[in-house]
Each structure stands twice: as structure tokens, then as C-alpha cells.
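Chains: A, B, C and D, in written order; residue numbering restarts at 1 for each.
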Amino acid sequence: LSRTLRQQVYRELFARPEGDEGLTITNQLVMATILVSIVVAVLSTEPRIARNHGSQLLAAEMAFGIVFLVEYAARLWSVAEAPGTGSAAYKRWRFARSVIGIIDLAVVVATLFPFLVTSASVFRIVRLLRLVELMQSGRFSLALREIGKAVSERRYDLFVTLALAGGLILTSATALYWAEGEVQPAVFGSIPRAMWWAVITLTSVGYGDAVPVTVLGKVFASFVALGSIALIALPTGVLAAAFSDGMERHRKRVDAARHLREGHHE
Amino acid sequence: LSRTLRQQVYRELFARPEGDEGLTITNQLVMATILVSIVVAVLSTEPRIARNHGSQLLAAEMAFGIVFLVEYAARLWSVAEAPGTGSAAYKRWRFARSVIGIIDLAVVVATLFPFLVTSASVFRIVRLLRLVELMQSGRFSLALREIGKAVSERRYDLFVTLALAGGLILTSATALYWAEGEVQPAVFGSIPRAMWWAVITLTSVGYGDAVPVTVLGKVFASFVALGSIALIALPTGVLAAAFSDGMERHRKRVDAARHLREGHHE
Amino acid sequence: LSRTLRQQVYRELFARPEGDEGLTITNQLVMATILVSIVVAVLSTEPRIARNHGSQLLAAEMAFGIVFLVEYAARLWSVAEAPGTGSAAYKRWRFARSVIGIIDLAVVVATLFPFLVTSASVFRIVRLLRLVELMQSGRFSLALREIGKAVSERRYDLFVTLALAGGLILTSATALYWAEGEVQPAVFGSIPRAMWWAVITLTSVGYGDAVPVTVLGKVFASFVALGSIALIALPTGVLAAAFSDGMERHRKRVDAARHLREGHHE
Amino acid sequence: LSRTLRQQVYRELFARPEGDEGLTITNQLVMATILVSIVVAVLSTEPRIARNHGSQLLAAEMAFGIVFLVEYAARLWSVAEAPGTGSAAYKRWRFARSVIGIIDLAVVVATLFPFLVTSASVFRIVRLLRLVELMQSGRFSLALREIGKAVSERRYDLFVTLALAGGLILTSATALYWAEGEVQPAVFGSIPRAMWWAVITLTSVGYGDAVPVTVLGKVFASFVALGSIALIALPTGVLAAAFSDGMERHRKRVDAARHLREGHHE
């Protein structure tokens, strides 16, 4: 009897459904808990919230910590049902030192740790990894994998755009360093400083914390600003095509899987 | 005789033309009135205009209020001609508590209300809903519906880009919170505060009210700025394709409807 | 003999070559003079240049004025050769009151006028119209006309994106007026003021002269900033497609014209 | 024996592999050295680094200088093996005054020069040319050449977008000069000054150092900001298409070359 329960727990916590079947109910609950815990972690970094709702945040973190701890324990216990030979202890050790097992443990520690050392709240962002791990199952991860493949097929295109972008950033920074370095040493006084300006201009973000003031600097910067159109155009086309390709293939694969499944039921 | 007039009024005020026939003349006049009343409402929030042209604005609002009131009364009266069984009173009550009826009443109240309480002018923006309601008829709404369908078919693509964007915003904000939180507590002192910076940078708006000042912060922010290209590229491709698809289908549908109509006339 | 010269002058100054043959030599010289005169006019608005090089600028303007005057006189004289019936005086009067004739005269007056009234230098920008007029001939204008046609075919798409953009700008401005109107009356104190912010944010320009400071304002503004991706994506797709279509058709037409011409020569 | 060594050195330093075979091992090492030397040159312009790590930077530059000098000497020596008639001295002189030879020498001088005159560090950016020269060999340069060809085929499209962009920049600048020239003489007091604002706005960079403050100026600037969508859309489409075409052709050519080579081995 106990063995049947362990099998069920194993299937609920570890099963990696194929096609578009999505996560198990337990994993959906775990995912919801992680999402809520990330929101709580984000909010608790805000001093005004931490000051006024400190005890509630602490209680919530404790609750999340217990959920993650219980889940980790359940995984460690039920992983003995994993396929393959070897003793239950061996399988548990193998899980504990796998990437997934370490992420799981890290999340538990990161959640319960702040009770010991309060300043380590940034470490809680490790929950994002947990989210990524959970997304490995189900439809979303298949889509991401197809997009990843489509991007990977275009990696040479992206490398070329990166090389061109790098050359453009370096040339722009050198030109402005040369033109404005002595007039505005704080922002153009070295090529690394001017590179900050070049990146912010070439991505068309344009904060305005570093702006040329001489005529020559403005003429150079005008060409750099126009160059931002080219810098953005090249990867935009590649990435948009890769994304659209990846989603297309994902859709075909899901349809094929559904067709196959329905064929089996007939 | 009175019945024939009511039928005509009903047809003028309620008819939803199919295909590309457009709005009835009365509805075109109502739409023009709404557009003008929106412009007046927008201008009347400006203190300089409100001070110098207060009486003209008041007169214009009163005129709009009367037009909207008359139209609402005419709709309530003529809706008795609506197809289906039931008494005139029942049909009127059904219209009065329908979404369209409530929006109509809200516009009337929002227009005449300021005479009682002057500060409620923001409420006048409810006229935009009235505009959307009117656009339900005619060619424009068909186009919007096709675009809506095309977007809806790509909702999974948009969900994936939203999830990626959310992860990117959260990671960027955490990195800058970690790098600059202590140096600039006002703008990077918590993850929610840093998220404001992350959104403004990743959309390439770049106000410049929150800008990293440390070397590490600038290095992180440079990657975030380059990441903005990816964040913008993915939904841009999806939305542009959805829009172009929707308009294409709309054009085909309009052509088919015209062809059918011309076939009938032969 | 004088008649033959007049014919030659007419052909040089008025001929509108078909296909890709380009401008006549005289018109190329006139175009170069206009381009140079625009550069001079732009530079002469700069106080530092006007102060140090005032006499050179004056001399250049005088030279341009003489060229434009001579050209205008030559056109007025040679237009008597225009095809069609009517006396030379009638044809000259018809030219003098045509759009092209008035632009020509305006350029002459705008160039020589500053000697009388110095502050009217903005008026010199009328030379841009002269440039557009000259571009009516030759290959460039054919390309522009095809692009114009392709844009015109998509005018309904552009109208839909404009309507969506207008609604987005108005809604964004109202939201920020409501959220920040009392905190920052100078920049969000009325919907027209907030619309300036909305346009600058939705086009992702982001000057930073108007930035929300409250939590609610920043939350709204974050969605507006993300909405900028949609606002930019829709017209970008339509315009890029229109431009590419127009250039494609232009290329085909030029090839066809060349093919025809070469066929004639055989 | 010495001749065989010279032949080997020649092949290692000069060989231009066809297809996708990449750089020789020696050239890969040279490329890595150049990349590192560029990073060092960039970092050494930063006063804080130059102050604290002056001697290390000097040592690194000396090492790079020796490497470049040795390579230059080896090239000069081994170029006698170049195909074609003529004495070794003639071939060396031909290499020394070729573009590649001059760039090589310039890099050597630029690296060793700072020991004589310290302020000439900007000149070190000539190493980027050396990088471009090395990239002439191998797969990367083939890709760049195909992209260059694809861009060149669309040069007329780019000329049209440039002409439109120029007209838009000039008109925008004139409008703002006219509207704000007297209110803000420092930033809109002449058309050249207003052109700086126009370029930064039309590329959607938006630093915020020049921002209209009058109602008329803001209305004009709103249209200019919306016009930035068009200005960016046109070249973006052309450049993205050119890049994608160029990479596609490059891929086909590489595949064809590989196929041919494999056919030879069979």
C-alpha cells in the first residue's frame, strides 16, 4: 500500500508530460506557490512595505518555506520510484546532487535562511530558477525549446550582428572620447565611459545622463543615433523570424501529438 | 402613423449594418457630436482654457448633454420596436439594463453631472466607451474584430513573449537592485522600484530619472539595454503579423459581401 | 534663329523625362544650386556663423538670388514654346499663375527679400518646395509616386492604426492626469498636458521632462511604455510593406521602360 | 631548407582560405592578440585604471608591440614567396606600400609610439582596421561581403529613405526653430541647433537636453515624434531584408563549397 502511495507521489511530482498535456495538479499548485512567493519576495524588498507589514511577510515566507520543505522531502522520498536499477538510497543521493535537486534545496534554504540572516533576500531570486525548472515540463517548455532551436540555427546570424554591434559601439565610443573627452571628462573621459553612452544611444534608450555638447560631438552623435536604426534592425529581423519559426514548429508538433493520441483512442 | 415614425427612429438609432455599408446618418451625427464633446472635455481640463473660456465650455457641455439626453430618450422610446416578443415596457427595461443602455445613461449623467459637482470631469472619458459602442456598427468594427481574432489566434505566442518579458524585467530589476540598491536607494532601493527602471529601459523609452552610476550597474544596464532589442523584436513580429492577417481577412470579407450584394442586384 | 534657341532653352528647363532618364544638365545644375542654397540658408540662421561670416553669406545669397532670377526669367521667356494654342503672352501668364510658377517666384523673392527685411530667413525654406518640384521629374519622383500609391492602397490600415493610436494616447493621458494631476500640475495638470507625455512615451522617445512620481502613476506608465511596443509595431509593419511594394513596382516599371527603349533601338 | 620554412611562414600568415575553412592557427593567435590588445587599449584610456595599473598596461603594450613587430617582420620576409614574377626585394616593397602593409606598419607604430609620445592613445584604434583586415579571410568576411552586396543592391531604396529622412529632419528642425527659437535660443536658436534635436527625436533616442516648452512647439514635436515611427520603419525593413538575403546567399555558397570539396574527396 505504501508503495502505491509513493508511486502516486512520484508521478505527481516528477512526471514530465509529453505534448500539450500540461503540468500535474500538484505541480500547478507548486507553480502557483512559487509565483506568489516571488511576488512576496519582490514586495518585501520595498522598505515601506517591509516596515508596515513585516510580520505578515515573515509569516508568508515561513509558510512558503514549509511548503517547499515538504515538497523537497516528498521528492526525496518518492524518487526511490524512479525507473532504473539501484537502491532507494542511491536514487535519492543521485537526485540530491542533480541540478534539479540542488535548485530545490537552494530554494528551501533561501526561503528559510532569512530567519537567520535577514539581508540575504536577493538570494530568493533563485526561485526563478525553480520556475524555469518546473516549466521544463508541459507545453510552455516545448515552445521555449523550439524557439531555442530556431535561435540556435541562426546563431551565426546573431554572431555577425553582435560583431557588427561591437564594432559600432567601439567606434562610436572612440569618436566621442576623442571629440568630448576633454570637455566632459566625467562622461566621455575614457573609452569605457564613452561606451556607456554609445550603448544607451545605439539601443535608442537615451537616458540623457551623457550628452555631447560640442558641435563635433553632436555631429558624430547624430550619425551614431542614425546608426541605431541599423543596429536595431538586424537582430530584430533575425529574432522575429526565429521566434515565429519556433512557434510554428511547436504548433505542428503539438498538432501531430494530438493527432497521434486521438488516433490511439479510436 | 406614430408607429411608422418609431420604426424609422429605431432603424436610424439601432440598425447594425452588415458588410461595409457604414453608419446611418443619425449615428454619423451622434459620432461627430461625441468626437467634438471628447475634444471639448479634453480641453476643459486645461486650467488656462477653463479660466478664460469657462462660459463657452459650459454652454458646449450643456448642448452635448441635451443631445445625449434626447438621443437616450429616443432610444428608450423606439426600442419598443426591437424584434422579439414582450411588451414595450419590458423591451425598454431590457435596454435600460443592457451594457449599451448603461453606457448611454452614464454618458448623459457624466455630461450633465458637472453642473452639480464640478470636479468629476475625468468621468467624462466614459464617452470613449460610447465611441467604442458606436464603432460596433459599420466597417471599422469588422476590421477591429478580424484583428482581434488574429491576435487571439496568436494569444499563445503573446503569452510566451509576455512570460519572457516578465522574466527579463524581474531579472534586470533584481540585478540593478543588487548592484545599485545601496548607492541610489531612492530609485534602486527595492526590486519594485528597480522594476520601474527596468520597464522604462527595456521598452527603450529611457526617461533618465533612474540611471545607474556605478561601474557594475552600468555593465548590467548595458546588457539590459541590448536586451531591449529582443524584448521589442518578439511581440513586434507577432503583432505586425496579426494586424496584417486581420486586415487581409477583413478585406476579403468586405469584397465577398460586396460581390454578393452586386450579385443580388443583377 | 532666336526661335531655335528658345526651343532649346524650353527643353532644357521644362522637359519632364519619362522612365529613368533623369534630369537635364541645366536642371541638375539648378538642383545643385538649390541644395547648396539650402545648406547656406540653414547655416546662416546660426548666430555664430552669421556674426563671423555675414558678408560671405550675403554674397552667396545674392549669387543664388541672381541664378534663381535668371532662371525664372528664362522660364518665363521660353514657356512661349509650350505645346498648345494661344499667344506667347497668354502662355507666360498661365505659367506665372501656375503652382510651379508661383513657387519659382516665391523662391526668387525669398532669396532677394532678406536684403530688404533681414528677419524673414525662415521663409527661405520655401526652397524645399522648389526641390520637391524639381524632383517631379526623373527617376526619384517615379519611386516616390509608387510608394505614395502603395501607402494610399493601405490608407485604411493606416487609418485603423491611427484610430487605435489616438485612443491609446487619450486613455494614457487621462489615466496619468487622474493619477498625477494634483501631484505634478505643471506636467500632468490637464489632459492636453498629459497627452504630451503620452505621445513622447508611446513613441519611446522618452525625454524625461514629464515623468510620473507616484506608485500608481508609475504602474500606469509601465503599461503605457509596454503599449508603445504595440503602437510602434502596427504602423511599422504597414509602412515597411508599403515601401517595399512601392520600390518593387518602381523597379519593374523602370525595367519595362528600359526594355521598351532598347527594343526601339534595335 | 630555409626556403621551405619561408613557404610555410608565408602560407600561415598570408593564406586566404576559400569557403568556410577559417583562419590558419597563426592568424587565429594574431587575431586573439589584437582583440586582447584592443581591450587593453580601451581600458588604458580610463584614468582610474591608468593610475593604478600603469606599469602592467605598459608591459602589456610592449608585449603586443613586440608581437606585432615580429609578425610584420615575418610577413616582410616571407612575402618573397608570393606568386608572380619579380625579385624578393620588389615583392617586399610591393607589400610594404600595399594597404595591408601600411595598416600592419601603422599598428606596430601605434603600439610602440606611446613610449615616445604618451597622449596618442586614440591612434591605437587603428587596430580595428587590422581586425577588419584579418576578417578579410575566412567565413566571416564572406558573410559580410554577401551582406554588403545585398545592401548594395538596395542602395537606391536606402537613398530614397535617406532623402526622405533628410527632408523630415530639415522640416522638423525648421518648424521647431520657428516655434521655439526665441524662447530657447540655446537649443532651438538656429536651424543647425534644432537639427540636433530633430535627429535625436526622430531616431527615438530622446536625451531630453533639448525639449520644446511652448504649446506650439509641443504640438509640432508630437507630430515629429510620431514621424519617428515612419523614419525608423522604412530603413528597418530594407536593412532587415538585405541582411537576411545576404546571410541566405552566404549559407548557400558555403554549402555549395562544402559539397564540391566532399565531392573531390570521394
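Note that contacts are C-beta pairs under 8 Å (C-beta built on N, C-alpha and C of every residue); 3 or more make two chains touch, one makes a residue touch a chain.
Keep in mind that this is a model prediction, so the values were computed, not measured.
Colleague: Validating interface symmetry: for the copies subunit A and subunit B, is the fraction of residue numbers used by both over half? Same or different.
Modeller: Mostly different residues: under half of the interface numbers shared.
Colleague: Work out the mean Cα position per chain and let me know which chain is farthest from subunit B.
Modeller: D
Colleague: If you fit subunit A onto subunit D using only Cα atoms, how far does it have to rotate, to the nearest 5°?
Modeller: 90
Colleague: Using mean CA coordinates as chain centres, what's the gap between subunit A and subunit B in Å?
Modeller: About 33 Å, centre to centre.
Colleague: Could you state the distance in Å from the CA-based centre of subunit A to that of subunit C?
Modeller: Those two chain centres are 47 Å apart.
Colleague: Going by the contact rule already set, what residues in subunit D reach two or more other chains?
Modeller: Residues 195, 204-208, 232, 236, 241 of subunit D touch two or more partner chains.
Colleague: Is the chain-to-chain touch network here best called a line, a ring, a star, complete, or other?
Modeller: Basically all the chains touch each other, so complete.
Colleague: State the interface residues of subunit B toward subunit C in the complex, per the touch definition above.
Modeller: Against subunit C, subunit B makes touches at 38, 41-43, 45-47, 122, 125, 128, 140, 143-144, 147, 165, 195-196, 199-200, 203-209, 231-232, 235-236, 239-241, 243-244, 247.
Colleague: Provide the residue numbers of subunit B that touch subunit A in the complex, in ascending order.
Modeller: 156-157, 160-161, 163, 167, 170-171, 174, 177-178, 185, 189-193, 195, 201, 204-208, 211, 218, 221-222, 225-226, 228-230, 232-234, 236-238, 241
Colleague: Which residues, counting only subunit A, touch subunit C once they are in their complex?
Modeller: 204-208
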